[in-house]
Amino acid sequence: MAGDAAVPFVEIEALRSREFIPAAKEALSSMIAEQGQSKLIRPVFNWAGRNSLFPLHWGLACCAIEFAAAFGARWDAERFGVVPRSSPRQCDLMIVNGTVTWKVAHKLITLYEQMPEPKWVIAMGNCATGGGPFRTAYSVVPGVDKLVPVDVYIAGCPPRPEAMLDGILRLEDLIRLRKE
Amino acid sequence: MTVSLYSVAHDLVALVLTAIGSVLPAPLSRWITNAGLITALGVIVFAAILLIASMLNTIVLIWFERKLLGRFMDRRGAMHVGFAGLLQNFADGLKLMRKNTFRPEEADGLGFYLGPTAYMVTSLILFGILPVSTGWNSGVLPLSLLLALVVFSFAPLFIFISAWSSNNKYSLMGGMRSAAQMIAYEVPLLLSVVAVVVVSGSFDLNTIVAQQQNYWYWGPLFLALIVFVAAMLAEMERIPFDLPEAEAELVEGWNTEYGGMLFAFFMLSDYVRALVGSFLVVLLFLGGWTMPGWVPSAATSFPLAGIVWFMVKVYIVFAVFVWIRAALPRVRTDQLLRVGWNRMIPLALLSVVLAAGVVMVKCLPVFGCLPNLGI
Amino acid sequence: MTAAPASSVQWPELLGNSLIALEPLEGTSGRLRFRAADAERVFRAVHDAGFHHLTLVGGIDWVDHREVIYTLWSDERKSYLFLSTDLPADHPSIATATKVWPSANWHEREAWEMVDIHFDGHPDLRHLLMPDGYEFHPLLRSFKLHEPEDLEVKVRHV
Amino acid sequence: MSEMWINMGPQHPMTHGLWNLRVRIDGELILDVDPEMGYLHRGIEKISEDRHYNEVVTLMDRTCYVAGMAWEHLYILGAEKALHITPPERAEYIRTMSEEFQRIASHIMWYAAFVQDLGLMSPFLYGMRDRDLLLDLFQSYTGARMTYEYMRVGGVRNDLPHGFSDRARKVLDWLMERFKEYDQLCMGSDIFRRRCDGLGVLSAQDCIDFGVTGPMLRSAGVARDLRKDRPYSVYGRVDFDVARATTADVTGRYLVRMEEMRQSVRILRQVLDWLDRNPGPVMAENLPRWLGAPYAPIGREGYLLKREYPKGVGFAAIEEPHGEAAVYVVNEGGEHPYRVKFRSPVYVNLSAARKYLVGYHVADIPPIMGSVDVCVGESDR
């Protein structure tokens, strides 16, 4: 151990100046911004984003039962990192699993807005896609894309759990191709 | 004497700085190789190693729970990201890092950000306090057990701060429940620890582990172990005591309004606390890194054997926690509090009395004698 | 299973001139048509005759008039009984059955909402299935289903 | 803490569907509740007026998506009465079998959701696993897992495939073993009993006053079961007991449903034996052409003018998994029903929510509402 320990700690303090911290902060943030755009970092985050999709835990109608079945032992959607969360704040994926009525439309939009970016929507089943057998009804929204932007549509009334998982995998492909 | 992690870090820093100092001109060289700087950098490096190791450990722990829980439920858990889903939690963490961080309009800014951060920090400090093996901690703290429990009990405060400042009714109810529960179970937790302290005669975790060389404490202090594990489950907010996050009625409990990185803080800290809880069970009752005498010495004498055996024990304890989670429903608030105040505290007091008995008898028929306490 | 059939109740004696007719209906013990003005008396009498369980209240729009049906079940007789009454198409209203059968509450709210039948004395007559302020009565024959393209019309409805 | 209203729903883990339970609480105590319905009101009664008789079956599957067969059965019974058509005997047996399978599937779904509400995740997985076996059976003879469109006015669409009854018996044997496990997980757990005993009590008198039916009523000691009291299809010819409890609480409802599943297995064994012995037609002869052959697509331009069937009114009531369901079909001579009015048991059971929720704790809402077994599709229609 060289040195006589007489050098006070103040010398380190002297490095601080009024200009230094803002400058360092700026450099750091611009570096992060560049890195965020770089080809190195983005695929990593992209990989993370597409492999960990948390759907909103809610059930609208019939498809909700198949949605639940997809988390059952036979299909086990958690294999793909899909874990339903009850709070929209913690979700990145809204699976609209059923008929959307005008009464629930406002709530659906609120929930969508409560989800933090980036976020995706899957219209599961014919009702969410275009109203399904109830498209003529007075209270039914003919397709959830009238309310929120939809990324993947899954056909079926209701779609089998395999179809739902396939829809999620398609969404993962979409995320992989994201350019922004 | 085995090497200490801190001395390794310190020597490493000293080595590097001396090497740099030898090529620099004199005043700079003297400045760069002074003891204060080396100590400071040594502490930082030590903390960084500790942080990375404990975070990796926590992430593996989450993976372990998900897989084990899946097996209990006849399914496989995360499979597709990395080998057997090992990278799943890294993906989750990175994704949450990228998510938009936001604050609800009505939420209180200071508390909203302070809560999860302080919760995370106080949980992580614990890793610096708890010894994993001889020397693998920040040094000899005579009262390390007490310090660990004090830091451990900060959590309800920060949970309540974050719950209140989220300005959500579910969060608030979750925060209230959390505070009530943690205060109620703090007392039996400490009392059951007192039983251990009475027998071992020390608050130093290193000493407590060393005292268990003849026999581990889980046998003579079985009652204390039961009380400690139950209280620890409540402190960790795991099923059957996960009322503050009771999903069925409170959506996500006190972290309802949290998303993105702040939510990741909560999630990670919960598991950090689960890990620390398992650490404490192993340290206090299962002999820490020591192994009983009948284990062949080859199994205990390889390098880092202490850490390996310690972690094996920790994961076994945690597997029991997961097993409990897979098999028991959640209790109700009033039942929880009634059990806490009416059952746990008398039992914990009884365990202290039993511990005093153990100390008086000194030698137990099956287990053998206590080592000489030197007090 | 040794219950007496409901037709053994002497409805004409019990209800007097409130009763218009007792028609047979397959699978039940009959359909009582009664005068809407005496509704409360009829409900009370039927309830006291053992029909404690109200199965459904429904409205039917016959364009020129509206019909309200009540389906009742008696645990003693093990059989259903229908009550039915006609209301005028303009301002159809009838006394509420909630005082006799509390379960009529939501049924009547729905009938009011769907078929525009007013229940006098109902404790809480407001929208149940449709959003508040919805001004149509969908199960009237004059209310036509829309084609899915008529989104504008739908949005205005809600 | 002062009193406040909280909205549990429409997106809330407790609801299991789209509805909103407004709760006024003081701390953890419930002072008042107000269920808010209609978030899934799809106008099924109105759409039915615009459809052929057989097309309405499509809507029936979606009315109650966990008990599709039961609702198909209900509607078909009503429509057949309104149209004066009698199905062949084998069709009646197949319908009974379908309804009982559906009852087990629905109760298992209830079990999965209900125990999950208590914080125990494993039974959800076990329940979904066992329910899938039943859905596989449905799939083998209807082609669909949940929305079958299997029953027709005048019979059922097609006969059972070869080897069906053997497969079905295997599934039933498996299920009887699993029911024991279910009971071990729940009744064997002290915490479970503490969470459920004496909760959500609704006395027999209140049940009758508020029209509450099904397992809720039977858990209060009233042995009203339309399958026994007013046998429809072939329930008069099979041997079974009405499950009943006396505690009128959540535990009672649990026990009633568990016992009902065992009784359903008992019924199913008898019905399967009968089906093995008695082959025959599954559709009525000489159906009117406008009603459509079982496979024939039905054009929207029907054969209205040619029909010669008399007008009629059909009323049917069945014991659906959730309770007493009834339908009132008015046939005014058109090719569409003039009016279809349904009675949904869940709708009425929910309307009494104030009776069985007030006075308990917030943490009790999930088990109590779970024990009601809410299916919003059928309550909102």
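Going in written order, the chains are labelled A, B, C and D, and every chain counts its residues from 1.
Throughout what follows, contacts are C-beta pairs under 8 Å (C-beta built on N, C-alpha and C of every residue); 3 or more make two chains touch, one makes a residue touch a chain.
Computed from a predicted structure; not experimentally measured.
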{"item": "Chain located farthest away, centre of chain C as origin (C-alpha)", "value": "B"}
{"item": "Chain centre separation in whole Å, for chain C relative to chain B (CA means)", "value": "64"}
{"item": "Centre-of-Cα separation between chain B and chain A, whole angstrom", "value": "31"}
{"item": "Euclidean distance of C-alpha centroids - chain A vs chain D, Å", "value": "35"}
{"item": "Inter-centroid spacing, chain C versus chain A (mean Cα positions, whole Å)", "value": "48"}
{"item": "Junction residues of chain C, two or more chains touched", "value": "129-131, 138, 143, 145"}
{"item": "Per-residue overlap in chain A, given as positions that touch at least 2 other chains", "value": "72-73, 86, 103, 136-139"}
{"item": "Where chain D touches two or more other chains at once, by residue number", "value": "12-13, 38, 41, 43, 46-47, 50, 125-126, 129"}
{"item": "Pairs of chains in contact (touch as defined earlier), listed by label", "value": "A-B, A-C, A-D, B-D, C-D"}
{"item": "Interface residues, chain C side, partner chain D - complex", "value": "1, 25-28, 52-56, 58, 60-61, 69, 71, 73, 75, 78-80, 82, 101-103, 105-107, 114, 127-131, 138-139, 143, 145"}
{"item": "Footprint of chain B on chain A - complex, ascending", "value": "1-7, 9, 11-12, 44-45, 47-49, 51-52, 72-73, 76, 78-81, 85-87, 89-90, 92, 115-118"}
{"item": "Chain D to chain B touching residues, read off their complex", "value": "1, 4, 6, 8, 12-14, 28, 115-122, 125-126, 129, 185, 189, 191-192, 194-195, 361-366"}
{"item": "Footprint of chain A on chain D - complex, ascending", "value": "10-13, 16-18, 38-44, 46-47, 50, 58-59, 61-62, 65-66, 109, 112, 124-126, 128-129, 131-132, 145-147, 376-377"}
{"item": "Chain C partner contacts - residues on chain D that touch it in the complex", "value": "37-38, 41, 43, 45-47, 50, 81, 208-213, 222, 224, 229-230, 313-317, 324, 326, 328, 330, 338-339, 341-343, 347-348, 351-352, 380"}
